[in-house]
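Shared chain: chain A. Partners: chain B in the first complex, chain C in the second.
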Partner chain A sequence: MIRHPLAWGVWATAVLAAAFIDRNPYLQGLLLLVVVNAFLPYRGRRRVGTWKLALALALVPVLFSVALSRFGQHVLFTLPAIPIIGGRWTLDAVAFGASTGLALLLTVAVFAVVQTTVRSADVVAILPRPLYRAGTTVALALAFAPKTLAAFQSIREARQLRGQRTGWRSVPALLLPLLLTTLERALQYGESLDARGFGSGRRSRYRPLRWTAPDLLVLIASLAALVAIAVLPGVPYNPYLELVPRVPNPDQLLAVGLLAVPAVTASLSRMDHAPHHA
Partner chain B sequence: MPLITLDAVSYRYPEADRPALSDVTTTVEPGEVILLRGASGSGKSTLLRCLNGLVPHSTGGQFRGRVVVCGLDTREHPPRQLGIHIGFVFQHPEAQFVLEDVEAELAFGLENLGLARPLMRKRVEEVIDQVGINPLRRRRIGTLSGGERQRVAIAAALAMHPDALVLDEPTSQLDPQAAEDVLQVVLRLVAELGMTTVIAEHRVERIAPFVDRIWTLDGGVLRDQPPRVALAEGGARPPVVDLALRAGWTPIPLGLRDARVHAQRLPADPTPRPSPPRGEGDFRDGSGPIICRVDGLDHRYDTVPAVQGVSLTLCRGQVVALMGRNGSGKTTLLRLVAGLMRPQRGTVTHEGIAAYVPQDADSLLFAPTVHEELRGQSAEVVAPFAAWLHRYPRDLSSGERQQLAIALMGTRADLLLLDEPTRGLDPQVKRALTAYLRTRADAGAGILVATHDVEWAARTADRVLLMADGEIYADGAPGSVLSDSLVFATQISKLVGGGWLLPEEVPL
Partner chain C sequence: MAAFLSIRPAHAAIHHAALVIQHASGSVITRCVAFAEDQITGLQLVERSGVQYDAQNFGSIGSAMCQLDREPSSVPSGCFGSGPYWQYFHRRGAAWQASAFGASSSILHDGDMDGWHYAAGAGQVPGNAAFVSVCTAPPPPAASATQVAHAPNHATPVPTATPAPSTSLEALAPSDSPLPNAVLTSTGPPQQPPKAIALGPWLALGSMAILLLGLGAVNLRRRGP
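The block that comes next holds the complex of A and B.
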């Protein structure tokens, strides 16, 4: 399995570059397939709540674009002169919103893959010594994010249990207890770090992270994809969407193929291990 | 020469109106095992944090006297330097893990010390064997159970080769078997390595036979006594000690092994356990009107079943204890009954108002003072909290916060659902909780309590449900369910059998 944070970092950059440089829907669809297949082998028994959030997030640009943008010639209908939403509602705006939503979905999916595959210990291990403290702080902060979200839900539920308002209007009332909870936890982490000698002197490394063949393969393939997409693009950068999309160029298809290397490697690895489990 | 010296230590938290510790003077010799006990809010955690310098370096406040650890004065040396000498295990293990892999976590402290790689490897391997966590070494922390996490936390502290191990209620969140596993690890370290250990623990029955001295904190004042003297005086103590005091056994047995010698003198064939007297309107036997009906309940998280085919009825006037190991589905069942989650299959119906008090009572408290939290409550509810009214709720001890949350939620409820309400509570507060639940049940409420506390359940519950793998596999009176079980049995039941659960019940 691929483990090196640098390999995953370059892969994630290449996927995001591909998703945002050209908004071709065929290309975005293929990229989504690639990302989902890269995620599945590492998913284990994790919950898939992130995907629901990503899908909800993807709908937002569609709604905003169709309601606020008057771009395009393909008019769906025209609203009377109501402030903000009045005027022509176009198919072009729907398509542009959908494309932006898909790019956002891809972004969330890429970060889900990175969060699942990259271990904070590995990130800290590859950092240069001067960046060690900052790296540990970032690793802690990343570990903190889901706990903060859980604390928010717990406080929201507690208000519900006590018969208090829980809708969006209650958010300001939730922020103070959330802040207090977060600060208390941060202090606990601080105490733990202190009690375990953090920052007491020159630090050593228990197990330096080594490059494996799959790591190197993913790194090289992702770099090649990045070059094909960003450095030698067959199509110039164009943030606007063509209503009738063209078929992706061969170099774009090649780049998507290269980005599928993590999924292919994981599948081969599983096939290799399958007889042992039989 | 003592390993740890506390010399006239007094400490007051910033803005506190009374000291948390008052003139504490004692020593710990190398290899000694000290049990620290005391009521909720008596200063146990504060005292333990003095030993590695977190008090006052991390907390501020007024500190007087001195604590010397391995020749280092904690006022002059920060916790990161004292961490080499004192291995500290916190009450909530998740609050001390920095990385997400077990092996990386074990090595984290060693890396901070700048040790050479071969030495680190050797220490990690040693500690994995000592604590018996080899199957866990490649696991992610997030996938571990509560007991496994606490064992990893002990191993991480131990890997630094500390001179002493300090544990702050390491089993407070664990089921009996997981707590037993963790305490066995501690006792093995004591026996095999002669590890100097200071442990704050409410489950004294498991640890009492192995301690050299008992520190009892009362309002910040420390009494340092031999175990038999301390336990005879009162406070948290094993049920066999209560039985011994009743029966006049000397010397007082500290554990089951010592007690068995004396127990041979008990009547060979004790009379059958009598049913508790029942008055008019007393529905402890479940004959009261049904308040909640659960029918064919199923719930799963992704592919993992949490509750499977659970059907039960709860009656007014009855206190029901729901027990089972960590992860057996207790909390999910309570949340489903409370209506906080929608069951994927089956139905839950109940009468009146249902109130659920979660394990983490902190989330229920968000006002600036206890007085504000209790606004609108009757004088009867407010009265027990009169001394705390001006205090900030989160400054209360965990036991005090739990009491406040239960009072807030339980007053108007017809169906009261409590999740681990005795966590961190001292015996006196537990008794008060028992009395409170009894009063509520007698007033017609139905009560379902998820708990790991076997002794408290035996004293409080009219009915016990045992749950495993999302299913209820035993349901009955405490006398039958808790005496049949190997894991969920009281100490007295293990000693005398015959369905007797509590020391005061045993015929002499």
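The block that comes next holds the complex of A and C.
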């Protein structure tokens, strides 16, 4: 399995570049398959909410585009002169919104994959020494938000079990225990850092992060895809000019194929069932 | 692979697009432009019509027309000046519609018509004109790729503002003294081969999608960590 954060970072950059540079819907569809394939070997229940958010984000541009844009030649219907939404609603605007929405969906999906596969401890470990302290602080701060949200849910469930109200009126009653829990966790973090000698000198690692063959393979394939996307860009898709997108050329398909290397290596390798904890 | 799988049509189609230019004085000139490609840009239409023009590129928005058919007499600073300017329209059905893009970014297909009007104030559409009044009926089916390939490689602009050009293949042939009333204004690059209907990219796209779906099925059967 691919573990190195740098390999995943370059892969994510290449996928986002491919998704945004020409926004061809055919390529975006293939990229979505690639990202889903990269996610499947690492899937867990926790990311379902992320995918729901991504789908919701993908729909918003479609609604905005079709309701607010009056350009395009393929008219679906015409509304009377109502402020803002009145006028021609066009298929071109739907296509433009869908293309934008798909790019947003891909962005969230890529970050969901990176969040699932990369351990924050590994990211901190590969930081240059001058950035180590700042990196650790940022990693802790980023981890604090989801943990606070989880604590909020726990307190809410505890109140439900006791038969107390859980609506918005109960929020003030939830804040005090949440504040105490958060402060307690902050103290625990501090003690934990102190116990591990944070800031006392160069950090040693019990199990150093090494480059494996799949890591290198993904890195090289992603870099090659990135170069191909940058050097041989396709014709940007603009539904207002041409509604039906052009079929991607073989260079673009090859670049997308290279981005599927994480999914291929994951399907070939034995599954590492050891849970990773950041 | 695409070369092996491409299917070329027996004959190439000649496409036509119409151009209407209305000056501030009200005088109108029209042009019918034939082209071999599937589509051309609005700027290419003006260029191939042989009408004098001066355009300025505004990046992704496209090109703006600063001077057309010697109007205004000198190109204003900043292209537009402060008075009238060249307004750009597309013919949609029986009405003119303001273009959302510059001439270099708008696309014309066979049967499309562009209009330019030198006027002050937005939405000053050119006078009514129908495509058939500018371009006559499409060429007969006898038009073949071979005949098109013999067409000249240079535009043959009409020096006067006379509409209703002929669409016969003779009109596409080079002529030392083109008759203003009978010559088609210009054609697309004649040496360009007819557009191929390539199956290769579609097959490659389908194969890639099937491979990824198969890979997804394999990964779906594997238990996540």
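The criterion applied here is as follows: the second predicted complex is superposed on the first by the 194 of 278 C-alpha atoms of A that agree within 3 Å, B and C clash if a C-alpha of one lies under 4 Å from a C-alpha of the other, contacts with A are read in each partner's own complex, and residues count from 1 in each chain.
The rule is short, and it goes like this: a contact is a pair of C-beta atoms (placed from the backbone, for glycine too) under 8 Å apart; a residue touches a chain by one contact, two chains touch by 3 or more.
Just so you know, these numbers come straight off a predicted model, no measurement behind them.
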| item | value |
| --- | --- |
| Chain B versus chain C as contact partner of A:A266, first or second or both or neither | second |
| First, second, both or neither for A:S120, with chain B first and chain C second | first |
| Touched partner set for A:L161, first chain B, second chain C, both or neither | first |
| Chain B versus chain C as contact partner of A:L33, first or second or both or neither | second |
| First, second, both or neither for A:W211, with chain B first and chain C second | neither |
| Complex contacts: residues of chain A adjacent to chain B | 45, 47-48, 119-121, 124, 136, 139-140, 143, 151, 154-155, 157-162, 173, 176-177, 180-181, 184-185, 187-207 |
| In the complex, chain B residues that touch chain A | 49, 52, 54, 57-58, 78-81, 83-84, 86, 88, 90, 92, 95-101, 103-104, 107-117, 120-121, 124, 156-157, 160, 301-304, 338, 340, 355-358, 360, 362-364, 366, 394, 408-409 |
| Chain A residues within the chain C interface of the complex | 26, 29-30, 33-34, 36-37, 40-44, 71, 73, 240-242, 247-250, 253, 256-257, 260, 263-264, 266-267, 271-276 |
| Of chain C, residues touching chain A in the complex | 1-2, 39, 92, 100-101, 105-107, 198, 200-202, 204-205, 208-209, 212-213, 215-216, 218-220, 222-225 |
